[in-house]
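In the two assemblies presented below, chain A is common to both, partnered first by chain B and then by chain C.
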Partner chain A sequence: MKMLITTALLLASMNTFALTADEIVAKSNQAVRYAGTDGKSDVNMVITDAKGGQRIRKFRILRLNTGGGTQKFYVYFKAPADVRRQVFMVWKKVKRGQHDNRWLFLPALNLVKPIAPGDKRTSFVGSDFVYEDISGRALWEDKHELVKETGRHYLIKNTPHNPRAVDFRAYTVTIDKKTFLPIKAEYTDKNGKLFRRIKVVKVKTIQGYPTVVKSRVDDLARGTHTISTCSNVEYNTGLKEKIFTERFLRRPPREATR
Partner chain B sequence: MRKLILTAVLVSSFGLSISSPAQELHGFVDARYGLRTQNDPNSDQEMLSELRAQLKGTWSHNLFTATVRSDFLYDSVADRHDRIDLETGKGPVDLRELNVLFTPIDSMDVKVGRQILTWGTGDLLFVNDLFPKDWQSFLSGRDPEYIKAPSDALFISLFPSFANIDIAYTPRFDADRFINGERFSYWGGTDLSGADLQTDKPDEWLEDDEIALRVSRNFQGWESALYGYHGSWKTPRGLDPVSGRNTFPKLSVYGASLRGALAGGIANLELGYYDSREDRSGTDPFIPNSQVRLLAGYEHEIITNLTGSVQYYLEHRLDHDKYRAAFPGAPGTEADENRHVLTLRLTQMLMNQNLTLGLFAYWSPSDHDGYLRPSAAYKLSDNWLLEARGNLFFGSDNHTFFGQLEDNSNLALAVRYSF
Partner chain C sequence: MLSLRQNADGRPEITVPTPFVPDLQPASARKRILAKVFGNDPNDLFDENGDSVIINLELVSPSVVDNIKQAERGALKIEYLMEQSPITRDEALTIRDDAMSNLLYKGTLVSEDGKAIALYIPIVAKTYSYNVTNLVEKLTADWPAEDQVHITGQPVAQDTFGIEMLTQMASSAPLAGLAVFLLLLLFFRRVSLIIAPMIVAIISIVCTTGLLINLGFSVHIMSSMIAIFLMPIAVADSVHILSEFFETYHRFRDKKETVRHVIGHLFMPMLYTTLTTMAGFASLAFTPIPPVRIFGAHIAFGVGVAWLLTMTLIPAYIMLFVPNQALDRIPAPAPDHKRRGLDGFLEKLGAFSYKRWKLILMLSVLTVIVSAAGIRHIQVNDNPVKWFTKDHRIRVADDVLNRHFGGTYIAYLTLTPDGLDTCTYVEALDSMADAARRRFAAKLPEQTERFIALLDAQQAEYRNRDTCDPDKYFVHLIEEAEKLDEAVTAPWITLSDEINYLESAALASPATLRAALPNAPAELFQGLEALSGEALREAALVITDEYTGLSFTRFLHEMRAEITAPPFKQPAMLRWTDRLQEHLAELPKVGKTGSAVGVLKKASYELQYIDPAGVPEELRPEVERRNAANYQVPESAAACGQVFIQLEGMKKKDSLFHLVTRDYRQANIWLQLTSGDNTDMASVVEATEEFIAANPPPVPMRVRWAGLNYLNVVWQDKMVAGMLSALGSSFVVVLIMMMLLFRSPLYGLLAMVPLSVTIIFIYGLVGWIGKDYDMPIAVLSSLTLGLSVDFAIHFLKRAHELQKKLGSWSIVIREMFKEPALAISRNAIIISIGFLPLLLAPLVPYRTVGIFLATIMAVSWLATLFILAALVTALRKWLFKDEASGLVEQNGV
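Showing the complex of A and B:
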């Protein structure tokens, strides 16, 4: 019995050691973006500018995993008032050379408008988060190196294969060994200076899934920061794929509005 | 009337008893002032001088969603302020929406009542979207949402597995809110005019009705659609030579569109055949000839936070020879067989998306005219917005589409509080 435990421990630790940087990043990506078959959350973002002025964004986000790493997102805005009831929908693609499909629904015009693929490093709804922070950055876009390992964390350095397409030279991510959630990410600019930091403030286990429920991103160059808080998080709610279509852009489903 | 109220109360209490209704009330207050950038001998200098409040309420129940959205406004440029005219939106109330949406069966949605209807792929150019537009608002510096005038319609959407089918039935013809001399001067056939346009609008319930149909389907990311329309020209393009009034001749439109991702951008193509049913031969000088309309567009992000799009639009008149032969106006003022229009849209987001600079430009190489719509909008806070808009028309002739509007070029400033 003792031997069995020892062997098991050995195997387990070997297994841990055996994880390559790519595997750690893949597991982390899975933990933070793909939990369950689907997910739902109310997001509250407080954007604070360098002078202390604040702006608020509130939205409900619905996510469905659609296989092979693809996902569909439905973002229903509740605040500020001028974007209330607007819907932003994404069909996320992960293969090289493929762009996400994105749509915006403008209720005052009853207009469904496809959005041209754009720079994913631009601000999401005016916050310090960028689009890529919300829908995820494709793993093949960076080279991943395990630079440090402690009892509790991995430290992964990510260097983009195409540095011209992004606003950073590299970023390091601290990943919790137990949950595989990234708990800190730091971005250095072209001169190697730290200019952007995302920190997880609070993690909660919901339906067995460790979940980031509060995070903060600092734009150190501009002195602005955004705090994002998630509430009413639920997994495996049985979201139907048909919600992510033009029909339900024009007619938001109760999953989004209630 | 009493019966109606009783029914309404019954319906609403029925709704209340089966679910906890989600209710919300939102809106904005918008003050807007616009001036012509030059004198217009046919109109006043002021283009807009209005204070507007929009209120929107929605009531969501298990069985239906009811929406009411209405503008309350005072506009000192308008002819009259006392009478409410819900059809034209004139007067102190412009009811934008008053409808009920329900899902009688799983694969069907029904929206009945006053609503805004939109389809088609054009950007401020319309081929198969024959729902009413509000050109007066659009050209005078109001918020772009006012390009659409409301429809009083029954809108049924069906979702069988092979396609989406939308049917819009308007029991009484809804015309565009067209240029009529109140705010804009226009080409009157012989000269520029600011006189009130006299029209005969089809207004018989069920007889002067409109029906519009769309069948759409997504093929591997390409949104394709077929369209049909049966109604009348949306602006008074006909003329009754006896009464001298402008008319809305009968019109049917058949078309198709395609839109999808292409080379890192979005491409669209749309076609429409305009069957001018009262003058199929093209010989009647007082009724527009049939047309073929074509639209092709492409949108792409140029650099980070700067998006650009271009469109090419063609209006091809059928039986042009017969049109020319029968043309009653002054020589040299007849329209070309082909009206070509190019558009360019540039949108730049700055200051964390709080400042948006925009330009939309129309240019017609065949009419030698054009229309520029520059805009700047700054979000002071989540509630306060400051906005400046320009509507600048130019052209070498007075009888062309944009050229006739040259004296109406205007600039508008606005402040809006949203809640």
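Showing the complex of A and C:
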């Protein structure tokens, strides 16, 4: 028995040890972005500027895994009052050379507008999060190196293959060995200076899935930060793929509104 | 520029595309030496943390400004104007066309003729602009000759001025010294003698400059002139001593005796001339302009030092270093010695002043009247770029850039809500009731009445409250409205949702639809007969929309967005801002204006753009008309808010917040002016005030101006007021000093006459020739006061003494025009000539000062010798009444 446990432990530690940087990143990506078959969450973002002024964004986000790493997102805005019923929708692609499809619905103009593939590192509705933080960055876009490993964490350095397409030179991610959730990401600019940091503030296990329920991103160059808090998180709710279509932009599905 | 960083050796390093360290040392050896002397390190491009002084986040160039445009299949593309450096001509032209089609960039980033491009390089402090300019020049040095690079802007002008001023100082001050030296040599013909005043001048300059630097003041255009001002003034007293010494040595044939005699009767006038000069300059210390204050206080200090040195060093020097033999060779003037040159001329002048005093006084009065009229034409104006001569590269760049672009002089107009927010919620309830009637009354009369009753109850409740939080009130209203909706709209919303979810099998025909929706009311199926598939679903949904649209909850949410919208999300306020900009853009010197409204209009246009090529021919005109109409402020606050939130997510993060605050309560309008003249800026300010008075904004706004260009206007007002009060107060101080010195109000007033005439004449001249009244000109007034009263003091003091001795004015005046007038004339000439090297300067203010000082000296010299002599002649009965008997007591020796 004792022997068995030791062997198991040994195997486990060997197994962990044997993980390559790419494997760690892939597992982490799975843990943080693909939990369950689908997911639903109410997000409250508080954007604080350098002078302490605050703005809020409230939205419901629906996510559906559509196989092969692809996903669909439906982001339905509830606040501030003027952007109520605004929708942002993404069909995420992960294959090299493919681009996400993105749409915008502006209710006050009764306008559905596709957004051309382009920079995903622009601010998400004025917050310090970028679009890529919401839908995720394709793994093939960076070279991953395991820089450091401690008892609890992996430290992965990610260097973009196409540095011209991004605003950073590299970023490091600290990944929790137990949950494989990234708990901190630090971005350095072209001069090697730290300019952006995302930190996980609170993790909660929901329906068995370790879930980031509170995170904070700091724009160190501008002195602004955004805190994002998730509530009413649910997995495996049985979302239908058809709601992630243009038709549902103008008339939002009950999963988004209720 | 973006990649500028400090490398391991502390040198600037740039990556385009591989890192390299540019050689920033000036090409010419002379400039290299000067940079060394003045400690200007061209590699100094970093702040104390080693960060680049160029503010990357604020840089404006094609590769970092947003471009919002149409992409394939009607998609919206958000990218930088220049994502990658163009390789082909077509790529380059696309960038140009994108920029030209964006009103924000046309005339700002790309010239209206498409031939020039502008980069706006923000830096952390003005002092780096010279080095940044140098960096840009070095980096573009290998560009082909047909691609010209011009660099301008207020900070560059001011900083370049500063650096060139230093080189100016280094050449002008020694030249002034040389000129003074040569003049002294001409007057006294003995190097051994005139070394002393030169030492006095140099020591006082070194002390003053030392004080300036030790007190930690930076060298400014004003303080750079300290040396040049002090040089001639410092030698003035020595000139009086030396003049007198020479004229009287033959009487004593003894150095000690002569010195004693000279100092004896020059002490009081010299003390007073020094005090008045100091008072004139010290008065500048009370102006509101720091550089002028520093200048005034330091010159006053330097003049004091010079006086102390003159009173101690000069006599000591004469005793120690001037050989007796040299002095013994000075011949005693024969009584009938025929004077030639300056002294001969002066004697004739004296005779003229005495005989023609009435004519002189008449001409003087006439001059004063004509000059006073000229003063009314004075134009107060300053523009740092105009400090450079016309062919200077900054002036040329300024010309070129302002011809191609909307203007390089930037001013900002900030609109801030005036006073506290008044609670408009109660009033808003009235308009909400009206809107509710319009939307609901026909279809839901009963619910409408209940809803309006709700609004009335709210109004009654909140009418007398002074606090106002509409969000809070809406929470309650929305809860109530949900109950109202429950009966009517809720079933329709459920139905709509169901239709939306229906599988395509259920949409085969209206019959299958009816089967799939057993609980649907009959209204749903009207007019759907011929349809099937998605068309059927859409038609059914359009019907449900009609009923779901009758939601009081949604109505309240919409109203809430409108009522709680901050000023710069309200369409009325945004349109007003747009009109203000249109008005401003029509002003002659305003090239362009920009604001969040322009950005909003462009985004609204691009978001709603429909490609006419993609619609049937007959619809094209309508599509084009609609596209054009979308280049507007959207109709509702919600629509404005939704367009703005897209702009908050532009590639250049937070660029919108340069134009509007994050809470959309304050907005900035930037103006590009094609002229940096204060007068032009002032007229823009005036035109804005007129527009706002005639067209009050929908939300009361306070208007504030900012920007270097506007600061110059404020500064100019301060300058005029400050200089006037400085002049006034120093006039009074000097007048009191004169009355004390002469122990007579009449003498005191008389002493003020030449300088008053001079000041009036000089400013009359400035007015008549149309020279702008700028800082150097303003400073001249106090200078005139301090310097020209000296002549009057010497003249009156000596006249008074001689009158006591000789008793008859007709004899006195002849004596007056010998040695005393000679000393005064020599001083006037020294000061005039001493300032003449300034005329060689490439910087206009120095030339101005040079010319005007020479003029001032000439005029006050004339005013003293002519007008004062004529006045004394006219007033001799009153002036000399107690010495009428004459020959009473001897003074001095």
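One rule holds for everything that comes next: the second predicted complex is superposed on the first by the 257 of 258 C-alpha atoms of A that agree within 3 Å, B and C clash if a C-alpha of one lies under 4 Å from a C-alpha of the other, contacts with A are read in each partner's own complex, and residues count from 1 in each chain.
Note that in this section a residue touches a chain if its C-beta (ideal position, glycine included) is under 8 Å from a C-beta of that chain, and two chains touch if they have at least 3 such contacts.
Everything quoted here is computed from the prediction, not taken from an experiment.
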| item | value |
| --- | --- |
| Simultaneous placement of chain C and chain B on chain A, clash or fit | clash |
| Touching partner for A:Pro253 - first (chain B), second (chain C), both, neither | second |
| Which superposed partner A:Ile56 touches (first chain B, second chain C, both, neither) | first |
| Touched partner set for A:Ala108, first chain B, second chain C, both or neither | both |
| First (chain B), second (chain C), both or neither touched by A:Ala81 | both |
| Contacts of A:Glu241 with chain B and chain C, given as first, second, both or neither | neither |
| A:His99 touches, of chain B and chain C: first, second, both or neither? | first |
| Touching partner for A:Glu23 - first (chain B), second (chain C), both, neither | neither |
| Touched partner set for A:Ser123, first chain B, second chain C, both or neither | both |
| Superposed model, chain B segment overlapping chain C, candidates 99-107, 279-287 or 333-341 | 99-107 |
| Residues of chain A contacting chain B in one complex and chain C in the other | 49, 53, 55, 80-82, 84, 106, 108-109, 111, 114-116, 118-119, 122-123, 125-126, 224, 247, 251, 254 |
| Residues on chain A engaged by chain C in the complex (per definition of touch) | 49, 53, 55, 80-84, 86, 104, 106-109, 111, 113-116, 118-119, 122-126, 131, 164, 190-191, 219, 221-222, 224, 240, 242-243, 247-248, 251, 253-254 |
| Residues of chain C that touch chain A when the two form their complex | 2-3, 5, 15, 57, 71-79, 84, 496-497, 500-501, 537, 541, 545, 557, 560-561, 564-565, 569, 604, 607-608, 634, 636-643, 645-646, 648-651, 653-654, 661-663 |
| Parts of chain B lying in touch with chain A, wherever the complex brings them together | 22, 26-28, 60, 65, 101, 109, 115-118, 144-145, 147-148, 157, 159, 164, 216, 221, 223, 259, 261, 264-266, 299-301, 303-305, 307, 309, 349, 352-354, 379, 381-383, 385, 416, 418-419 |
| Touching residues (chain side chain A, partner chain B) in the complex | 47, 49, 53, 55-56, 79-82, 84, 99, 101, 106, 108-111, 114-119, 121-123, 125-126, 224, 246-247, 251, 254, 257-258 |
